Every structure is written in C-alpha cells, then in structure tokens.
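My structure is below; once you've seen it, I'll send some questions.
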Amino acid sequence: MAINWFKYSAPSTFYGLAGKLIPWFALPAAVLFVIGLYIGFFVAPTDAVQGEAYRIIFIHVPASILSMFLYLIMAGYAALGLIFNTRLSSMMATAIAPTGALFAFISLWTGALWGKPMWGAWWVWDARLTSELILLFLYFGFISLHASIDDPRRADRAAALLAVVGSVNVPIIYFSVKWWNTLHQGSTIKFTGTSMHVAMQQAMFITLVACWLYAIAVALTRVRSIILERERHTKWVADLAEVKA
Amino acid sequence: MNTLSVWQLLVLVVRRDLLLAMRRRADVFTTLIFFVMVVSLFPLGVGSEMELLRKMAPGVLWVAALLASMLSLGRLFSADYVDGTLEQMMLAPQSLSILVLGKMIAHWMVSGLPLVLIAPVLGIQFDLSAPAQGVLVLGLLLGTPVLSMIGGIGAALTLGLRGGGVLLSLLVLPLCIPVLIFGTGAVYAISAGLNGAMVSNLALLAAMLMFSLVLTPWVSAQALRISME
Amino acid sequence: MLEVSHLACSRGDHRLFSDLSFVLESGQIMQVQGENGSGKTSLLRTLCGFLSPESGKILWDGTDMRELAEDYFANLLYLGHHNAIKDELSGVENLRISAGLAGIALDDKQAIAALRRMGLKGRERLPTKVLSQGQRRRVALARLLLGEAKLWVLDEPLAALDVGAVELVQTLIAEHLARQGMVIFTTHQPLEIAGMEMRRLSLS
Amino acid sequence: MNTLSVWQLLVLVVRRDLLLAMRRRADVFTTLIFFVMVVSLFPLGVGSEMELLRKMAPGVLWVAALLASMLSLGRLFSADYVDGTLEQMMLAPQSLSILVLGKMIAHWMVSGLPLVLIAPVLGIQFDLSAPAQGVLVLGLLLGTPVLSMIGGIGAALTLGLRGGGVLLSLLVLPLCIPVLIFGTGAVYAISAGLNGAMVSNLALLAAMLMFSLVLTPWVSAQALRISME
Amino acid sequence: MLEVSHLACSRGDHRLFSDLSFVLESGQIMQVQGENGSGKTSLLRTLCGFLSPESGKILWDGTDMRELAEDYFANLLYLGHHNAIKDELSGVENLRISAGLAGIALDDKQAIAALRRMGLKGRERLPTKVLSQGQRRRVALARLLLGEAKLWVLDEPLAALDVGAVELVQTLIAEHLARQGMVIFTTHQPLEIAGMEMRRLSLS
C-alpha cells in the first residue's frame, strides 16, 4: 500500500489518475444537485416563520460549511507541502483555493439575500458574518500572495505559511454564534433531536454532498492544469497525447 | 530612429507605470481590497446600528479612499529614485512636469479609479440611497485624481527620507482635507435634499481638479529637483 | 563644446576641488582620475546639473548650461553608479523606456538588436531582476547604442563587467569619438582607446 | 573581542532599529501625528453629534491604531532587504528568530507605544468616561504589540514583492481583526457596565499577546528564509 | 574544511553548473571565474545557504552545512554585491552593528581603528550616505578586520575600490591565509596574493 501512495504522489502519475477520477465526481454532483434542489424547492414545506425565503438555506448552508472545510483542507495540504516538500500537495492547495473562495463568496451572497427579508438589511456586522468575510479575505490573500511571487516553489512555501497561520480563523467562524450573542442563528442541525422537517434535512444533506463532489471534481480539474503548467518542460508532459495534439 | 512628441512621451510614461503595476497582477486588485477592507473594518468597531452606519457612510468611504491612495503614494517616486531612473527622467529633453503628470495619471488609474468603480457596491452595504450613491461616485471621480496629484507633491518632497511614508501622510493629509469635506458634503447635501449645496460642493471639487491639473505637476517637478540635490 | 571654468565643489566640510577648468571638444575623451572620495562622481553629477557648483561656470557651446536646461540635456547621456533599470521589466521594455525618456522612439526589433550586441542573447525577455550584476550593467549600457547624444558622461562604466564586455565598451567609445562625440568618464580599471589621445584630469 | 550573548544580541538589534528611527527624528513623531489625524478626521466626515461620537470612539481609535501600525510595517524588513543587511542577519550565528523579535519590539516601540501614550488625550476629544479610557489604554497596550508581531509575518512574506504595502495589508488585516474586536469589545463592555465581559475581552487580548510572543518570531523567521530564496 | 560535491544549480530555464566538486582546505584560496551570468554569484550564495542547490552536497568539516546551520554560519563571513550598510548610520555605528550580528562585541575605539586602517580617517562619524561609492565599500570591507570567521566568501570585493584599497584587500587576504583561513572569491579585476598558489574554478 505504502508504495502505491508514493507512486500517486508523483505529479506525472497523479495527472492520469485525476483524469480518470473526475467524471466519477462530476456526474454524481450534477445529479445530486438536481435532486437536492428539487426536494428543497418543491417537496419541502413552507416555513412557518420565514415563509418561502428560507429556501436559500439549501445553498447557503452547504456553501458555508464547504468554505470552512475547504480552507482547512487547503491549509493541511499546504502544510504537508511545506514540511515534506512534496510538490503535489502544494499544487492541491493552490487548486483548492479558488473553489473555497467561491463558496465563501456564495455563502456571503446568499446570506445577504436572505438577510434582506429576515433582518431588513443586506448586511450587518455580526460576528459570524464578519468572520466569514475574513475567511474570504484569507482566501484572497492566499491567492494574491501566490500570484505575486514568480518562482512557483517560493510561492508555494510563502502561501502555505500564510494558510497555516490563517487557519485559526476557522474555529472562530464555527463558534462565533456561541461565543458572541448575535443576529445570525445558531446551529439547527444537531445530532440529538432536531427542529427541522425531514424533507428539509434531506434536501440540505443532498445538496451538501453534491457540493462536496463538485468541489473535488473542480479541484482535480484545476490541479491537472496546474501540473501541466508547472511540468511543461518535462518529457512526460511533452509525450502526452493531448499536449501533442 | 524618430523622436517623440510631448504627447507620445506622456503616453509612454503612463504606459510604463501601468505596465509596472500590471507586472504584479495582484497590484491593482489589492488596493481595491484594502479599500474594501478598511470600509468594512469601521462598522466592525462601531457596531451594527443601521442608522448610525448610514450617517457614517460617506465619511468612511472618503477616508478609506484617502488612506488607500496615501498608502500607495509611497511608491510614486521612491522606486525610481532608488534605482536611478529618476535621474534619467530629470535629464529628459522634455519638461519634467510632463513626466510627473504621466506618473500621477498612472497612479490614479491604478489606485483611484478602481475605488470609484467599487464604491457603489460598498454603498449598498451601508444602505445608501440611489441618488446619494450617484453623488458619492461622482464626487470620488472628481476627488481621487486630486488626491493623487496633491499626494504627488508630498511624495516628491519626502523622497529619500527614511520614514517617508508617514511623513508624507503628515504633509499631504491636511492638504487633502478640503477634498474630503466637499466630497462628503455633497453626499450629505443630497441626502438632506439640498440640491443647490450638492452642486456647489461638486463644482468646488471640479475646480480643485482643474487647479491641481495645472499646478501640481510643476510644483512636484520643482520638489523633485530639490530632493535630488 | 563643453567648457568648464573655475569650478569649485564642497560637500559638507570637505572642499573636493576648486578652480577646476577644462575644455572638451568634439572627438575628445577625458578620464577623471582620483582616489576613492576625491570627488569624481561629484564632478560628473555637477556636469549633469544634479549638484549646483559652489562657484564657477559650465558652458555648452558657449551658453550656460543652466540657461539651456532641456536643450542641454538633449545632448547628454549620463550613466551613473545606478543602472536606472526596473527589476520587474525585461531588458527590451527597459531599453524602450529609457530610449523614450531620451526622446527616441524604439521598436522591439531595434531594442532586441541592441541587447544582442551587448551580449544578452536569450536574456532579452527576462525580468532584469533575475539577471546577474554584470548582465544588468549591460542592459544599462545598451543605451549607448541608441542615442544621438553628443556628450557621454559615464561614471564607472566598467563596474561588474567581464573582459569581453570591457572590450565592447571600448569599441563603443571609439565609435562615438569617431563620429565626433565627446566622452568624460571615471574608472578604477585600466581603459585604453586605440589610436586616441586620452586626456586625464586628476582630482586629489 | 568578546562574543555576545543572546540577550545582548536582542538589545543590540532593538537599539539599532531605534537608532535608525531616531536618526530621522520625524519618524516617531509622524506615526503619532498620522494617528491623531486619522482619529480627528472622522468626526469631520461624520458630523459632530456627541452621542454618535462617543459610540464611535473605541472603534475609530482602534482602527486608526491598526492603520498606523500597518503603514509603518512596510519598512520593517524591506530596508534591510534592499541593502543586504538581512542577508547578514541570516548568517548570524544566533537564531534568526531572536533578531526578528528584536525588530518587532523596536517597531512596536516606535509605532505602537506612542499611540498608547497619546490615546487618553484623544479619548477626551470623544468624551469617553474615565474607566472607559483606562480600559481603552490597557487594551491598546496589550493589543498593539500583537499588531506589530502579526504584521511582522505579513512583512516577511511580502518582502521584495512589488505593491508589497497593499498586499501586506491584505494579508495582515484579516488576522488583526480579532485584536480589534476584543479591544473595542472591552471598551463597550465597560461602558455598558459589564465588568465580566470586559475582563474576558482583555484576558483574550493578553492570551493573544503571549501566543504571538512565542510563535510569531519563529513564523516570521521562516517566512524570511522563504522570501530570501 | 569545505567540501563541495556534485553540486548543481539552475535558475529559471538555465542550468548554470552541474556536477561541481571541489575541496577547500585551511590556508587555501580559490577564485571563481567566468563571464557575466555564468553563475559565480549563484555559487557563492549557495555556499551561504541563500539558495538551495538542485542536487549535491556542501560539507563543512564533514557535516552537511544544512544540519550545522548556525554553527556553520559562525565560521562564515560573506560579502555580497550589496554593502549591507545603513545609509543613515555612520561608519562606526555600522561596523559595531555588523560585528554584533556576527556575535562580536566591539567598542567605538576598535571600530574607529578598523575604519582608519581602511583609509576612512576623518569619515568615521559621517552618515555613510554622503560617502563615495568606494568609501562605502571600504566600510563594508572593514568587517574583514574583525572576524574570527574561518571561511571568507567574497563576491567582487574589489568593486569600486581604487588602487590603494585593492592593495590593502590583498594584504588582508594574505594575512587571513597566513593564519590558516580560507577564501573563496570572484572578481573581474586581476588579484594576486604574493607567495600563494591561487586555485581557479572556471564556470562557463
């Protein structure tokens, strides 16, 4: 097993593997999205307090959760790259960042759309919203820093350091609703007993899984193009069928 | 080999500075994000009462624009000074004022224009009304070039001094305060329904722009010659 | 014709030189000599108008250089201790811009040709910050290939250059003198122009 | 010739940076004046309702402190980088973290400490109560070193990059926001009579200070090594 | 003893050198030769650990330099293209600080003596920004007078120096070799140490 692992941590082999894996994530993602949104918008009942507006939750919550998890995963990969000097993990970190930023942005955007009917304002300066905004900025910081440094190896290492330092923010987002008494509501999904309708739960769960699959598929696609760009001078890239064509 | 006209030279300098800014793709982007961030920080410190925020909005946006342009002023001449390019500029057969004007224009395009473009989005955060937004943007459009140009004088005067960045702000901020007052004044005027006051505030800004356009390049050029001795 | 008369220059408490007079005619070359700190750079910078002389005059074709201002600068090419190139820009971009500042329109082809002549083949499009010290100096020296400036003021043009590049600079200077240019320069390394009388000015 | 202990080295670096700051007497002075000016600009942009001002005060003071420290962060390492001193520091036979810590301390003494000292005077302008003032100053005393230290990481990461100043803010501001929140939170808590909340906010600041003191010099040293490659 | 084995270094697309091996023993001196851009500076910076080599090892007394880290640096004196002096500080202050960074306590008297030996009499207390190029280089070179560092890595130590200063540097190097030090350096100017075999390493 250990040998296998090392084999696939080489960009040249991982490139092929990722290519094979992508459809296995992309297709289910699309299907589950459709199912989840269908249940969310047509099956789940109208909320007693919030009316129809609450349905944003089916996008908002998965996006919020993913934005946080993707950051941790990105930081983890970056740290691996920093410590063990493995090229592939640094590339994975770079590949994940834009998707994470996108989800953070969607979370903020849908949250804002939701806030208008609920709180009467697009935006309030509440702890969770603010820390989510910081998360978005951290993604931007990672991407900008990486883009500002010409030498890819140096860029990887510098950005990795930033990602690791920035990961202190994630627990802050998560616990912000507990630590500060604010407008944004606390967790409704709990392991023991929940106040949510079953159809709502199902829809949310399905869209969440769909988002995960989507994120993985996109990250793999992006890492493939990063591999190609970084290894463009090597022989195996020159030998690739799609490059020759 | 042909020789260059004054106009071509101006274009050359502007293009050069834009090229330098673009070479680091992050550059333009980050001034913008700095602006967004400062604007977002204030409410954080102040709390989230909508009424309060609406009142603060023009002031906060203008102060943030001022700071963003200030922060990037440091590099207006200093990079050219350190590597000797500025000496070459002073030896250019055309007037130094033209070159300075070119650098100011480029500075505005990199650090002022993006702010003007993003301001409406930030205005929404603060729940500004549509006409107030319009006036805010117009004011910024007239005012930010003035900030870059007045800033240019300060940058030229403090060239090569250590701690120049802060000293610079010290010299430039007082001169920029009128811009700030007219800019915010116009927004408050429209919010209060005083169209006359709004127009006169904007007119004053436009006058300052004309004035700076004529005077500041020359003054900065003189300041540069003094700093180089 | 460059005419310097009774020039004096002090920096701080130190009197660097005084009562310095010389005339440089078309086709002549002059080396300013002296120990470290004797005032060579100060003299050259005074000729460019960066420093105001304490007393004395600098005349260009009989007119005071301060009066001529831009008209004098059009005749001048100054190469200082600093290379005056931008780290982020490539050699081609740098050269086109410095040509532009000197009032000359240059296209990419001409710039590349100039850089190749300076021995930078294959490095023309790299940002100059990755170049070696000597290669950066060569980019700066490429300006010598374009100008129609009559008076070259060169402050240690040979710094950081290898043997091949030193010979190249000697050739360029010789060509410039042959087309009736003038050169005033400093160097701590030996520099000879074949078939030319080298005038020397010693500061001490 | 004797050799230096770690402690002597730390003192040497701090003294050196202070000496450099003093050599331009304007340096310390101007950070201060920048701070004073930003703080004073706000009421100008916002109007002079006392109630509003009192509410804004802690936020404005803290944000101004953050910006002032940000503005001076650019020179933390860059001057040493350009003239080759940083290379020599990396070759020092002692650990680089010590040198970095020394530079951070000096930076705080030049750009943070003066703000802490002047804050009470500005607080009066905003009509803050005496206990609120006390908490504000205590908060700044605990928080400004953290700003310098977190800023040090950003300064090290952006070393030698063009547009570093703005990129730096982009990287550092998000990380500094918690400091801001706790700092202002403490003042609001005491104003609202919530002593418990006030203490816990200050305790969090103190914890951040300890945490930064231990970690940031090391992280910055790593960042410097990466940036020098 | 410095032992370099099978060192390779690339910058960007260019392979600068590969499979470079040499050993430098106490009392030996080696000049790294090559054209502009051949990789001399890169080699010296690799020896200081600023650049990581692509492959190959650098051993100090048999141990990898990366492992030794600070213990290796304690034996090293590096003088780069940059002078590593502060414009605003005087020569004395600069020298005391750079000595401090190298772990040596120095008082004003010793610093002044060192600067005088470098020919900076009367300039010891001036801020170095008013000094001439060569004088600034001399301030940087004054570090050679203090250190007990065993290995000197000098990148164009003669840049901007006048004839007298060049001789002085030659003397300093000779003294260092006599007390069993090692020197590795680059220069485009001729440099001879009387009575010493000069080893040469050519990059191309």
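Labels for the chains are A, B, C, D and E, by order of writing; each one numbers its residues from 1.
One rule holds for everything that comes next: a residue touches a chain if its C-beta (ideal position, glycine included) is under 8 Å from a C-beta of that chain, and two chains touch if they have at least 3 such contacts.
Note that the structure is a prediction, hence the values are computed from the model and not measured.
Enquirer: How short can a path of touching chains from subunit C to subunit D be, counted in steps?
Expert: Each step joins two touching chains, and the minimum needed here is 2.
Enquirer: When you check each chain against subunit A and subunit C, which touch both of them?
Expert: B
Enquirer: Using the touch rule from the top, point out the two chains with the most contacting C-beta pairs.
Expert: The largest set of C-beta contacts joins the chains B-D.
Enquirer: Among the chains, which is located farthest from subunit A on the basis of C-alpha centroids?
Expert: When every chain centre is compared against subunit A, the largest gap points to C.
Enquirer: How many angstrom lie between the CA centroids of subunit A and subunit D, rounded to a whole number?
Expert: Taking the mean C-alpha position of each chain, the two centres sit 33 Å apart.
Enquirer: Once you find the CA centre of subunit B and the CA centre of subunit D, what distance in Å lies between them?
Expert: About 26 Å separates the centre of subunit B from that of subunit D.
Enquirer: Between subunit A and subunit E, what's the gap in Å when you average each chain's C-alpha atoms?
Expert: 50
Enquirer: Just how far, in Å, is the C-alpha centre of subunit B from the one of subunit A?
Expert: 36
Enquirer: Can you list every residue of subunit A that touches 2 or more other chains, as numbers and ranges?
Expert: 130, 137, 140, 144-145, 148 - these are the residues of subunit A that touch more than one other chain.
Enquirer: Residue numbers in subunit C touching 2 or more other chains?
Expert: 81, 88, 127
Enquirer: Multi-chain contacts in subunit D: which residues touch at least two other chains?
Expert: If we look for residues of subunit D contacting two or more partner chains, we find 20, 23-24, 79, 82, 161-163, 167, 170, 173-174, 177, 181, 229.
Enquirer: Where do chains touch, given as pairs?
Expert: A-B, A-D, B-C, B-D, C-E, D-E
Enquirer: Which residues of subunit C touch subunit B in their complex?
Expert: 48-52, 70-71, 73-74, 76, 78, 80-89, 93, 97-106, 110, 127, 146, 148
Enquirer: Considering only the defined contacts, which subunit D positions touch subunit A in the complex?
Expert: Per the stated touch rule, the residues are 153, 157-158, 161-163, 167, 170-171, 173-175, 177-178, 181, 219, 222-223, 226-227, 229.
Enquirer: Please name which positions on subunit A make contact with subunit B in the complex.
Expert: 120-126, 130, 133, 137, 140, 144-145, 147-148, 183
Enquirer: In the complex formed with subunit C, which residues of subunit E make contact?
Expert: 11-12, 34-38, 40-41, 81, 119, 123, 126, 130-135, 137-138, 156, 159-166, 188-189
Enquirer: Where on subunit B does subunit A make contact in their complex?
Expert: Spelled out, the residues of subunit B in touch with subunit A are 24-26, 29-30, 33, 37, 40, 43-44, 46-48, 50, 124-125, 127.
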